[in-house]
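Chain IDs A, B, C, D, E and F follow the sequence of writing; residue 1 opens each chain.
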Amino acid sequence: MAREHDVVTLGETMIRLSPPSFQRLEQATSLEMRVGGAELNVAVGVARLGLRSAWLSKLPENPLGRLAANKAREQGVDVSHVVWTKGERMGLYFVEFGAQPRASSVVYDRADSAISKMKPGDFDWGAIFSKARVFHVSGITPALGESCAEATLEAARAAKNAGCVVSVDVNYRAKLWSEEEANRVMTALMGSTDLLITTEEDTKRVFKIEGADYREVARELQKKFGLKAVAITLRETVSVWRNRWSAFAVVGDEVYEAPTYEVEVVDRLGAGDSFTAGFLWGYLQDDVAKGVAYGTAFSALKHSMPGDFHWGTLAEVEKLAEGGGLRIER
Amino acid sequence: MAREHDVVTLGETMIRLSPPSFQRLEQATSLEMRVGGAELNVAVGVARLGLRSAWLSKLPENPLGRLAANKAREQGVDVSHVVWTKGERMGLYFVEFGAQPRASSVVYDRADSAISKMKPGDFDWGAIFSKARVFHVSGITPALGESCAEATLEAARAAKNAGCVVSVDVNYRAKLWSEEEANRVMTALMGSTDLLITTEEDTKRVFKIEGADYREVARELQKKFGLKAVAITLRETVSVWRNRWSAFAVVGDEVYEAPTYEVEVVDRLGAGDSFTAGFLWGYLQDDVAKGVAYGTAFSALKHSMPGDFHWGTLAEVEKLAEGGGLRIER
Amino acid sequence: MAREHDVVTLGETMIRLSPPSFQRLEQATSLEMRVGGAELNVAVGVARLGLRSAWLSKLPENPLGRLAANKAREQGVDVSHVVWTKGERMGLYFVEFGAQPRASSVVYDRADSAISKMKPGDFDWGAIFSKARVFHVSGITPALGESCAEATLEAARAAKNAGCVVSVDVNYRAKLWSEEEANRVMTALMGSTDLLITTEEDTKRVFKIEGADYREVARELQKKFGLKAVAITLRETVSVWRNRWSAFAVVGDEVYEAPTYEVEVVDRLGAGDSFTAGFLWGYLQDDVAKGVAYGTAFSALKHSMPGDFHWGTLAEVEKLAEGGGLRIER
Amino acid sequence: MAREHDVVTLGETMIRLSPPSFQRLEQATSLEMRVGGAELNVAVGVARLGLRSAWLSKLPENPLGRLAANKAREQGVDVSHVVWTKGERMGLYFVEFGAQPRASSVVYDRADSAISKMKPGDFDWGAIFSKARVFHVSGITPALGESCAEATLEAARAAKNAGCVVSVDVNYRAKLWSEEEANRVMTALMGSTDLLITTEEDTKRVFKIEGADYREVARELQKKFGLKAVAITLRETVSVWRNRWSAFAVVGDEVYEAPTYEVEVVDRLGAGDSFTAGFLWGYLQDDVAKGVAYGTAFSALKHSMPGDFHWGTLAEVEKLAEGGGLRIER
Amino acid sequence: MAREHDVVTLGETMIRLSPPSFQRLEQATSLEMRVGGAELNVAVGVARLGLRSAWLSKLPENPLGRLAANKAREQGVDVSHVVWTKGERMGLYFVEFGAQPRASSVVYDRADSAISKMKPGDFDWGAIFSKARVFHVSGITPALGESCAEATLEAARAAKNAGCVVSVDVNYRAKLWSEEEANRVMTALMGSTDLLITTEEDTKRVFKIEGADYREVARELQKKFGLKAVAITLRETVSVWRNRWSAFAVVGDEVYEAPTYEVEVVDRLGAGDSFTAGFLWGYLQDDVAKGVAYGTAFSALKHSMPGDFHWGTLAEVEKLAEGGGLRIER
Amino acid sequence: MAREHDVVTLGETMIRLSPPSFQRLEQATSLEMRVGGAELNVAVGVARLGLRSAWLSKLPENPLGRLAANKAREQGVDVSHVVWTKGERMGLYFVEFGAQPRASSVVYDRADSAISKMKPGDFDWGAIFSKARVFHVSGITPALGESCAEATLEAARAAKNAGCVVSVDVNYRAKLWSEEEANRVMTALMGSTDLLITTEEDTKRVFKIEGADYREVARELQKKFGLKAVAITLRETVSVWRNRWSAFAVVGDEVYEAPTYEVEVVDRLGAGDSFTAGFLWGYLQDDVAKGVAYGTAFSALKHSMPGDFHWGTLAEVEKLAEGGGLRIER
């Protein structure tokens, strides 16, 4: 039976408010409003690449909740499984864009959001996952609260049982939970996980695995948790406006490496999620090499676009991955 | 001994976010950011009129908290008594501006703000009020929570004891508390109150006093609570963009009436607070007639200015109150 | 079997570009970009009211074409039946907002759009309409070209055959075709039509039916074309910024009349389409009275929102239709 | 010999800075920048109506000076006679847009502008006026300083000698000179004047002529100064956003009256200058009736356009003057 | 006899619409509107440098056509020879600004523009060129259609006959014609050409001449077509935001080389046209060395200015060409 | 006795108007409005770092004058000693932001500002400085006019007499005075100076002291004028968008050096003033090493913020000075 969704993701999306033109929040008189959140970013990314995706969350029945659903839908993400609540709030975050030596920074105002009240049983996992090929979640979702952690584990197990590939991005957020809590929950989550996407930094903080050779770190994760694949993204922060970006994946005994992209940074939020989207796109075609290559190219492109979401096309990724130039096309 | 502040107010200020150009929140991509809150609006108003004012509140030590203090200070309001907290949040509200037949509307996201955690003892009332002439608070402050109600009553009693004039605006907010709760707390507050500012609607809902003749309503309030003065503002909503606005006050046996202004509405938030500011300005000069006249003119002008704050001058109020025209001056 | 879509519409959507703040095009340095088109506006309207709608069109596979589909999807409209083309263009229109005595005006640049090349056979009408309850189209779609007229007639017949209610809005556009052409095609279209929505002006120009009593005009239309229902919207242009707006419908022997709304005009484009949406919403509940009442309230509200689309909710319509006030809610 | 310019005007143009969206200057963080000045406004107006105009002034050789010339040129006004200076400044003015009961207001910062240093001999009047049909100046130009008054009188005499029609708009500015000074200079100027454009208010302040019947006032001016024509514009300020606007002219024994227009006011600056432009346009066709009718329609339209300049077309004036409606054209 | 225009150019100008702040078109809600087109850009450039220029084109008589003429006029370009048409459209193009590794890109919507209908005989070449010193056109003009190619050849021949210097920029646009078509028409055009401006890339694609040594390529062009001068601009795309830019010219046996400028790219559209403007400015002074030096400096500066047009001054070019620094002047 | 102000500064603040997005003034239609001026920038900087500062100036009693005071107050600067005048003007400056090879540039319109009329006796220096710890002024204040020079010298002497540390920033402005005038006045000012902040360039132009070793230059200044400390800031302009920034100070026999920061330049105006603020902050703690280190870090951060003012916090300086990274915090 054909499955309705290629990728289903679960997580929080917040209203994202940012002062324009490198202003600090204190000097701003207007804020640009967008929405963003790791798992929705992934769902958007795979939809941009032509796959069918759905995003699961809880949203308040008010203009801000509708805004979040609208923006997901605008990008082609199915939001029909979103649970609507009364009287809860949307989480918010405020982004200040920096310039060397001032890093960009984020102020969160996400406590008590509708999704942070998620608990086991809120979604009919069986019905949802029986029609999906991949379930993806990041470490942010279980970090939103104890009942969120339980619901995330429940979801991952249900997805596994339903025959989905389970994909997890570590995405450690120190403002949400301690390294110890993260270690406990993420280790449990690994029991149902097939694909792990992470960074060297997150691996060290959450799983206490580190090493000079990132490939060795990936292999150790792979072995420890019996994972099908481990992908690690690599960022070098040359300056705030200029980064180098790459990734690789270890699958079985193979290592797949992407080239390194020089990126001029318009907005790096969501770049990691774009890698995940591209990686899953390749994985679902049984072409991990392409997943790594296109995921890296797709996420390199993301840095050039304002907002958490990717607004590119598969044709653009193909062109870049195959060495397209920087001349204006006309 | 000269008192340092003419007017001290106590209350919440929120970050105010509004879509430009009559957009609905769902269609906006940017929001105008200002700050506003009834008692700060009053402190700003009296400062614009040349008096010395201070505003008491609790603010989180983060960019949004600093923003609120900055904006008060910009207008000349003393914020040196603000209590700064760690880890709390600022309340927010979202304003959609309407057009007939769609009323303007407000979505609040104010739960768990720093000030909502206010409790008795948070401020050194004695030290503060010994240097003040008037203490003003509205019914929103006690509505923020039970401990806020206690702290407000404590403040009013302390102000009274310190020889301040105590001024209260009923400002009933159905989203914050029930009419019964409001009745109980506001009645208690009346025990320390000298000046009451209200509307016919709020009087009916909170004190269950109503009548065809608003002057009678005012007198009944005056008598029931032993008040020095009762002022009532009168709004006729001809359309969303066009209102009629007036006020009167009952002091002892006298009734002071202001003319009715036709107003073209740019932003009516804070108009009532501007009346209070002008009324207190007159009251502090022992000229209630001028307080009513200038308060009404000052608040009529407020409707023409974006944001909760008043940005006019005493000279402008004088000119309007004395019948200034609408020709461009040049 | 439950039908998948409550309303399916067919027509052009254009990129809409408008100078902000009442500027003329010649003085503008930026343009606000939205999308709009009569039939998509209707599909959006019914989706806002909670129904399931789909929109049929042809779009070029480029950023502007994707933009149009995105914006439809954002509002919950199904665009999975849109036909994507290579090398065609999107139609554009430029809107200048006026102020008495300068009317708002529209400059079209819509020739050779992808949808204007529509021809019979482009869509699988049978498959589409077998799952739909209503098919709606306006007189603009057949006016886009001879083959568009043929395809529109084909669609209406197919819808009728598939058991759909066929709804038509006359929407005469003098810049697209002559009154004679419109008369010929629209008369043919009436052969498959159940519900007709029109204005007194359009009826006179297209069907040459006029009269002092609009109810008589409606009845004459009803009789002449054997229609189930005829609805007529009524606009009085008091000034550019102030209109009066109402509507009525004749169904069988009954006349259903809506109250007249005073409207402050932010943007009147799409108001008629919002009426259609509300009317169909009521019709699909077998409650024509509610359709007229809610359709009129829904379209009165539309005037207060920038853009062709409606961004309101069923709750807002209900409140207005039941006499809600203009006070700020808080 | 055909004359190169239909209308030549002489005067100051300033950089005009205005806060958007009804903000007060104190609360603004950005200002809209345009240019404007009575005589350039007239030159622009006649160019929009299809005539050939030139504008005479002194401008500093810096970006702001160039900006003023650019904007004149953009509208088709010949600036080749402008005198460029080193080290002088452009005058500026700041406009705050109001709403009832707050009138719009202007703050000038125009002292020591390049043009205020104008003196007799700065322009080669003979060469310029020998190729012109009309010379127009307003009372602002001589008010800029004593030497400006002298130069203006020199210009008017030269124009008269060269066979030009001399047109003068009283345009009294109390911030620039006293009524006594204005009376002295403007009376002298009347010696070379053919056409006088004024308001009832300015006539009273400058020429001390008043009366209940404006037509009588016009006739008195006509007789006293031996003028060919006197035109008076009539504004009724219903509210800041709503005015009534009309005009009439007395030529010989005839009175030509325009209808009264209801205007929704976007920006009334420059409206009087648009009347002058339209009036001169008619006068140059020897059709004063049309000049009054079209001048009034043209200036009524001006109120709907942001900035001092008119951005309309002759076709639009024709349509309005002949009773065009307010429906959106499409 | 003194010639009225130093440089006359012929070509299309389009409305240029671009999303602000690196947004993709799909995510934009407003577009910045400017105008641009290779030959008008050149006419503007030479006017900025102090020469007298005219631009020839066909424009529709509507607000967008007027906008194009206005913007040319604003910069001092004579548009009195523009041919105005009824019912045609303006071409448009949409520019997305990129960041490494996403190149900036252009989406054209230029089919069926008024100028694309140009044909021989539309302009009175004899009258126009008898008063001009240089005629300049780029390869875009003949690429707009077969009749445009014919008219361009006609114009070049007429210019040559009238004693003008004929200047041609290859400007190959693959979206408009094939390399074969370009080769045929451009080769014919070379028969009347004196000055050729090109890039290494365009030379290869259109004339099939290439080589490692660009100077040799230039000499080969010079010899093959009997040209007085060949100038080649050289761009190194270090990244999207950072380019290196230079140029050289071969005149007779001499090679004139400009220094290489590091440029931070705000907007590179029109940079090549600015080189042409500066080169012609020098050529018209019989100082090719200065033409190359100033042309390169002028175009290097262009990269720092938004829009296709140059907004600099001769003084700025002089300062840069003579080694001016980057300190803020104050 | 505790002194009320840590730092008191004296100088002009202007309205700062700048076109957004790298536009030239000639192409702008809106200007961003801020305020700035060297000495107010310093007062703001020390207030941001937690000290108590006051700013002395003369301001016109109009909206622009109030704006300047508001913005100072917003940042916590005491403006109660500002002298308000009638009929004077605010100075203005226009900033164009550049990109390599176009430097950013400033156009001043500051003649005849209220503060330029300052003369000895305008302020009660004794009362002011008796409550202050540091008096700071830059070379701009005496450059505003002869009487300003006299008043500045009077102020410095009074400050010295009152026991204040006197701090002077050379800040040479060639547009305000000649090197000779500057030499004469600044040399006289050195007689009352304790701390000198300068650049290598300004030292050469004003004091005619230069040398390959900047440390030697500093020592020579120190010795010549008997200064307690000399600080020199060092800027390397790699490109317009990329600078290197450092500083050092010589105090007694010690040299304190800061690291060099790579800065991405959003807005470099006010950076030197931020160094002064940080340096004074350290000096007032008797920790010159920290003053140099934090001053340099604070001013490096300034480059990333739009406007002349600093909007950072002490915590941010600490983090940077101690080697904080560029990762987004979350």
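In this section, a contact is a pair of C-beta atoms (placed from the backbone, for glycine too) under 8 Å apart; a residue touches a chain by one contact, two chains touch by 3 or more.
This one's a predicted model, so the numbers in the text were calculated from it and none came from an experiment.
Following the contact convention of this document, C, F is the list of chains adjacent to both subunit A and subunit B. Averaging C-alpha coordinates per chain and comparing to subunit B, the farthest chain turns out to be E.
When the contact pairs of E-F are matched by residue number against A-F, A-B or A-C, more than half turn up again in A-F. Contact count check for A-E and D-E (C-beta pairs in contact): higher for A-E.
Rounded to whole angstrom units, the spacing between the C-alpha centres of subunit C and subunit D is 45. Separation between the centroids of subunit B and subunit F, computed from CA atoms only, is 39 Å. Counting only residues that touch two or more partner chains, subunit F has 20, 24, 26, 29, 70. Under the stated contact rule, the graph of chain-to-chain touches falls outside the line, ring, star and complete shapes. Residues of subunit E that touch subunit D in their complex: 70-71, 73-76. Of all residues in subunit E, those touching subunit F in their complex are 20, 261-266, 297, 300-301, 303-307, 309, 311-312, 316, 320, 324-330.
If you check the complex, the residues on subunit A that touch subunit F are 21-24, 26-27, 98-106, 108, 173-175, 237, 239-241, 268-269. By the touch criterion stated above, subunit E contacts subunit C in their complex at residues 17, 20, 24-26, 28-34, 62-64, 66-67, 70, 89-90, 92, 94, 96, 107, 109, 111-112.
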